[in-house]
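In the two complexes below, chain A is the common chain; its partner is chain B in one and chain C in the other.
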Partner chain A sequence: MIATGILQIILYFVLLIGLAVPMGRYLAGVYEGKIAFLAPVERGILRLCFVDPDQEQHWTVYALACLVFNLVGIFALYALMRFQADLPFNPAGQTAVAPDLAFNTAVSFATNTNWQNYGGESTMSTLTQMLGMTVHNFTSAATGMAVLVALIRGFTRRQVRTLGNFYVDALRSILYVLLPMAVVMALFLVWQGVPQNLGDYTEATTLEGAKQLIAQGPVASQVAIKHLGTNGGGFFNANSAHPFENPTALTNLAQMVGQVLISAAFVFAFGRMVGDPRQGRALVIAMSVMLTVGIGVCYWAESQGNPALNGAGIDMVTSVTNSGGNMEGKEVRFGIANSALFAATTTGTSNGAVNAMHDSFTPIGGMVPLVNIMLGEVVFGGVGVGLHGMIIFVIVTVFIAGLMVGRTPEYLGKKMEAREVKFAVLCILIFPLSILGLGGAAMVLPAGLAGMSAAGPHGLTEVLYAYTSATGNNGSAFAGLSGNTPWYNSSLAVAMLIGRYLVIVPTLAIAGSLAAKKIVPPSAGTFPTYGSLFIILLIAVIVVIGGLTFFPVLALGPIVEHLMLAAGTLF
Partner chain B sequence: MSIHRPNAINLFEGGILKSAIADSFKKLDPRDLVRNPVMFTTAVVALLSTILFARDVAFGGQFVKVVGQIAAWLWFTVLFANFAEAVAEGRGKAQADSLRKTKTETQAKKVASADSKTWTTVAAANLRAGDLVVCEVGDVIPGDGDVMAGIATVDESAITGESAPVIRESGGDRSAVTGGTRVVSDRIVVRITANPGESFLDRMIALVEGAKRQKTPNEIALTILLVGLTLVFLIVVATLPAFASYSGTVVPMVFLIALLVTLIPTTIGGLLSAIGIAGMDRLVRFNVIAKSGRSVEAAGDIDVLLLDKTGTITLGARQAAEFLPIAQVGERDLAEAAFLSSLSDDTPEGKSIVTLARSRFGFKDPVSASAMSFIPFSAHTRMSGVDMNGTEIRKGASDAILNYVADKSGRTPGGQPKDRSHWSNGWPRRAARPCWWRVTARRWEWSTSRTSSSRGSANVSPRCARWASAR
Partner chain C sequence: MIKQLIPSVLLTIFLMALTGLAYPLAVTKIAQTVFPTQANGSLVERNGTVVGSERIAQGFDRPDYFHPRPSATTAADPNDPTKTVPAPYNAANSGGSNAAPTSKAFVDATRDAAAKAHADNPKAHGGVPVDLVTASGSGLDPDISPEAAEFQVARVAQARHAPEAEVRALVAAQTAGPVFGMIGEPVVNVLNLNLALDQRWPIAH
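Up next is the complex of A and B:
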């Protein structure tokens, strides 16, 4: 760990929070309807879709609208991939995508996971990238944002049966937030050298005299939303490690800030919308603490390097000419600090873009992204879904705290009763069920075992990471796993569906139940949910639930690998 | 009123412990256990490990001692949870017993029939439904029942909050009397309708004993959380062999069992019901009867307490505060008539009129008491008064006086104010029982004694009056 590395991380935090605060104010304005400069466009689009913006929806209708919207998206994307060979804008002449891969990819992009069992430049036509991937990057992000807004309304409304209109919320998310920001970011990326064209792939002759096909296309537009919408599905197979996707230190910084910005801003917006900015601030602090610990551990572990190489007498000390530490799988342009920061932020949020290969991290360094996802991606989290995951943990926390003082627990004036706890527990239950259930199946089925590239605990971590990433809708991978097989394509798609919709529906149920409740004014006996005691309790609940659930299996994966690595065994 | 504080029950009293140990085995009944899912899981797992132990002992196993130990610990966990619950319940029972001791030892005058003149004294607790008791002035009615014979004014302020004594007579809808209320005048015969054990106090005792304990809303929510966590850890443990088999390890069943039990929230699950019972038990020590765990929880949520005048804080003793003469009657004349006619009225109201007249005008007891014939207040006549030298003075309920006068003279008294508004602006219509005075046999005068302060609050105890005026 070096001073410039730590300094860059601090700079990143300052930039992030500095932008998130005004952005949060803007988001609150948008969803409260106070900012409406695009109202004519909005109304026009809604009229075109036969949506009455004043028609408020009950939570069940809201959930149904959300599910139908996503289902249609999945079918459309699937069809697009299957027929891409016969459609225009196919400069590289890509053939139809195989059914299982197309299914996996369609689900993956609709659920904001963007798990890629394919190489973008070698599988997808330009049209598919633009019309399929990029569009879904917008709609899946907007879905998450709409669900969160509905949940926030659950807290702000009193004795009402409706939560708003899904189509209006999703449209506003795109029109006012995602689209303008993506345009700005895409232009910035183009300026920094990211390609944006519809041209053919360039054929080049290398110094060795070999022929090389250099892929290109509408990269900047897809990369911009890939980060802003915490999607993470890159244009190229190498994702943000590819020089065309992430050419400079500035683009790297912009992408890292971009993938957390909207999520962080939402937490501030949450505080504003519920009328008490302290509530948002407390959650930001809790998330920042957890993110800082993650970055710290990852950065430290990667800086230590590989003990086997240390033992071989190789110079691993960081100096002007030597980046030091574990550089396997990392871009020399970014170095260890930025790779660790990228890894922690991409998994803390549900982004899943990578600028270094997590598979090549040291066992402990690689465990950080894994644990980040296992804890529910609540360290800012995906746009929308991150904060709503956090609120689920908050419900459990205030419930436990409430029982300690002998009062019916309440959060923001809403009483937490059996119904809320039931749905919150359901959300928490989904994670181990999908990760450990499907992961466990992969560990015993021949089809599952066949995909591993590494033996021993590292192979176990690869599989575990795949299911964790899919369930958490992250999309980053321990890339060693060969995922493009019928088993992995279908089982990972199932994990993604479970992790997305079996969390969204209970969350909306909670929102509906909360909206119908009265708001109890705070009194002397109310447990304050903005103090340090609450923050500590919240972090403890997240860590204890996540820790107890996944520690046994982590012990068989990264932890035992770390111990064996120290003893000199490599995988 | 004095506060009866039941003696604290020692937690480790021998009797409680002994029955608790027996109960902790009785509670192993699956039907009881299933009410607490976490403990049920633990018990199932304990049974499983016992079977494993038996198998290992029979066929020889690698971890016989470990399996035996784990089985023993698991059974101990389940038994201890049952034990804690049993101790809490036992404490509640002991508390209820002490509550029974503090139950008012009312003596009842039991009679064979309604017109029987002699009675036997029995404890109120021994009365059965159908028993007849006689209640005279000053007696506490020993139990809920119906008036069979007689008419009486009964002070029900402790229950209803109404300070004015009410009339209870046989027949009609005014025949029901409640145990614990007091007869203010006359004599009634009451047929008891409630068996011992069905009274209000008995129901409270039953609740303390935990016989009707229901799960509270928070407890239900907590149980959901605990069940959820138990399921999570069940998944963790169930999938572990899959991951372990890949790593080339076979995890013995018994270790998985041990892991499951360490992970699931057994402690809180096991003590949950004990906590609830202990909470109610604790309230009893402060003389608060919690009718259910639900109410204990609701009490925890109370932020503001609004109190209205209720029966429990009302003394059924209306006090005269002022003489309000009307028409051509002087205040002193009115006071004198009121004084004389109230001398034979032993109700709190009558006494207070005497006291007020004495303090305002310094009346002395009449010297020529022998020449006077006092007519005591009774619920039949709803009047009291005095006859002297051909002058009748009566005081009582307005309609009673009117009827009396009409009977005597054959005409309704004149001069009755049609418009009552000039009596007093602050006339407390609800609470006041106007008292009418007949001064002489010839002249009919209407006057009244105001039995209430201007705020209508004199019918509550002084403390309540202060609250009322502070409202």
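Up next is the complex of A and C:
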């Protein structure tokens, strides 16, 4: 670890928080209805879609609208991939996508996961990338944002039965937030060297006389929303390691900030909308602490390099002129610091884009992204879903605090009763059920074992990471795993559906029951949900729950691998 | 359920038109007008033919060129489409090796690559910089670290019959530092460097 690396990490946080605060103010204004300059357009569109913009929905209707909307999207994307050979805008002549891969991909993009069992430039036509992938990047992000806003309304409203209108919230998310930001970011990316065209792939003759077919397309428009909506599905197989998808250190910084910005802004907006900015700040501090620890551990581990390469005449010392450390699967323009920072932020949120190959990280370095997802993706988390995931943990934390002092737990003036706590625990239990259940099945079935590319404990980590990433709707991978098989395509799709909708529906149930409650003013016995005691307790609850659930399997995977690598054992 | 189906379908169609067609097409139009070179892949031409892209690595093997980072990209096996064969610097199928750090095959191959690098560059001092013996994440990393360029200077200078100091100066001219002195790492673009070499000290191939 060197000073320039640490400085870049500090710069990142300064930029992120500096942009998130005003963005939070904007978001609060949009969702409270105070910022409405596109109101005529918005209302016109909604009426054309047979939606009454003033009609609010009970939580069950809100959930149903959300699910039906997502289902329609899944069908549309599936159809697009299956018929892409017969549709226009297919300059590279891609054939129809196989049914199991199309199913997995459609579910993947609808759930904001963007797990890609395929390489974009060799499998998907330009039309599919534009009309399928890019669209879902917007709609899945909007879905997460709408659900969060519904939960926030559960806290701010009292004794009502409605939570707002799903279609209104989703459309506003796109019109006021995602689309304008995407346009600006896309043009910035093009300026730095990201291609944006609809032409054929280019054939070049290299200086040494070889032929090189250079794949291109409408990359910048896709990449912009890939990060802003914490989607992660890249245009190219190598995702943000590809020099066309992420050409310079500036685009890398923009992408790293972009993938956390809206999630971080929402935390500030949350504080504003509930009328107590201290609440938002407390959550930001908790998330930032966990993120910093993750970045630090990953950066340290990757800077150490691979001990098995010692004594081979290789210079692995990180300096200003030498990348050093573990450079397998990384890019020189990012080096160790920015690869570690990217890996931590992409898995703290539910983004899942990568600018380095996680499969080639050192055991501890690769464990950081894995643990980030396992903790529930609440270290800012995905747009919308991250904060409501964090609020679930807050509910459990105030419940535990309430048990300790013998008082009914309350958060933001709403009493947390049996129903809320049960649903919160259900959301938390979904994770290990899916990850350990499906992962365990994969480790026993020959179809599952066949996908591993690494021998030894690293292979277990590959499989574990896949189910963790799918359940957490992250989408990053230890890409040595051959996921494009019927077993993995279907089981990962199931994990993604479980991790997304079996969390969204209980969350909306909590929102609905909260909205019906009274708001109780704080009393002498109220546990303050801001301040260092709460922050420490919250972090402890998250780490202990995650640790108790996943430490055994981590011990079998990355931890034992680290010990074996240090002892010189190879597979 | 039916009551939600109609608004869902209509809104989906509208959003497909807005975010799937209008947005990318509008961005494409603006990009092609304002930033045509970058929008079309930063292609590099020499004597009227396209020799590659500034952003995409290509293979260099000759002693009189600077070598890029190794590439682990593959291509479909022409004899059996279900299998893949190694195809370095394949710009139509990016990817890394995804080798585990505990993989014996990977460690052995990397140690061999280091030995080969030392054999190819006998006059170079110290260890071979790690980026020169490890595959990049994309397989298409167009850059090498300044130390990796320095490692190869002696060999290239000898092959081109040029003074080492001048080759070093050329490398320095092609080294792009961290942005604003802070963001990112210093890099040397291999294609631009080799083009500059060909211009300064041409060799008949």
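Worth a mention:
In this section, the second predicted complex is superposed on the first by the 562 of 571 C-alpha atoms of A that agree within 3 Å, B and C clash if a C-alpha of one lies under 4 Å from a C-alpha of the other, contacts with A are read in each partner's own complex, and residues count from 1 in each chain.
Criterion: a contact is a pair of C-beta atoms (placed from the backbone, for glycine too) under 8 Å apart; a residue touches a chain by one contact, two chains touch by 3 or more.
Remember, it's a predicted structure, so these values are computed and weren't measured experimentally.
In the superposition on chain A, A:M416 makes contact with chain B only, while chain C stays out of contact range.
In the superposition on chain A, contact of A:P486 is made with neither chain B nor chain C.
Chain A has more of its residues touched by C than by the other of chain B and chain C. In the superposition on chain A, contact of A:P91 is made with neither chain B nor chain C.
Applying the stated contact rule after C-alpha superposition, one finds that A:P432 touches chain B and leaves chain C untouched.
In the superposed model, A:P552 lies in contact with chain B only, and not with chain C. Of the two partner chains, chain C is the only one that A:E203 touches; chain B does not reach it.
Shared-chain residue A:G406: touches chain B; no touch with chain C. Where the contact sets of chain A with chain B and with chain C meet, they give residues 456-457, 459. Here chain C touches chain A in the complex through residues 1, 4-12, 14-16, 18-21, 23-24, 26-28, 30-32, 34-35, 38-43, 46, 49-62, 65, 69, 89-104, 106-107, 110-111, 114-115, 118, 126-131, 133-148, 150, 178-179, 182-187, 191, 194-195, 198, 205, going by the rule given at the top. Of all residues in chain A, only 396, 399-400, 402-403, 405-409, 416-418, 420-422, 425-426, 428-429, 432-433, 436-437, 439-441, 443-444, 449, 456-457, 459-460, 464, 523-525, 545, 548-550, 552-553, 556-557, 560 touch chain B in the complex they form. The residues of chain B lying in touch with chain A in their complex are 217-218, 220-222, 224-225, 227-229, 231-233, 235-240, 242-247, 259, 263, 297, 300-301, 303-304.
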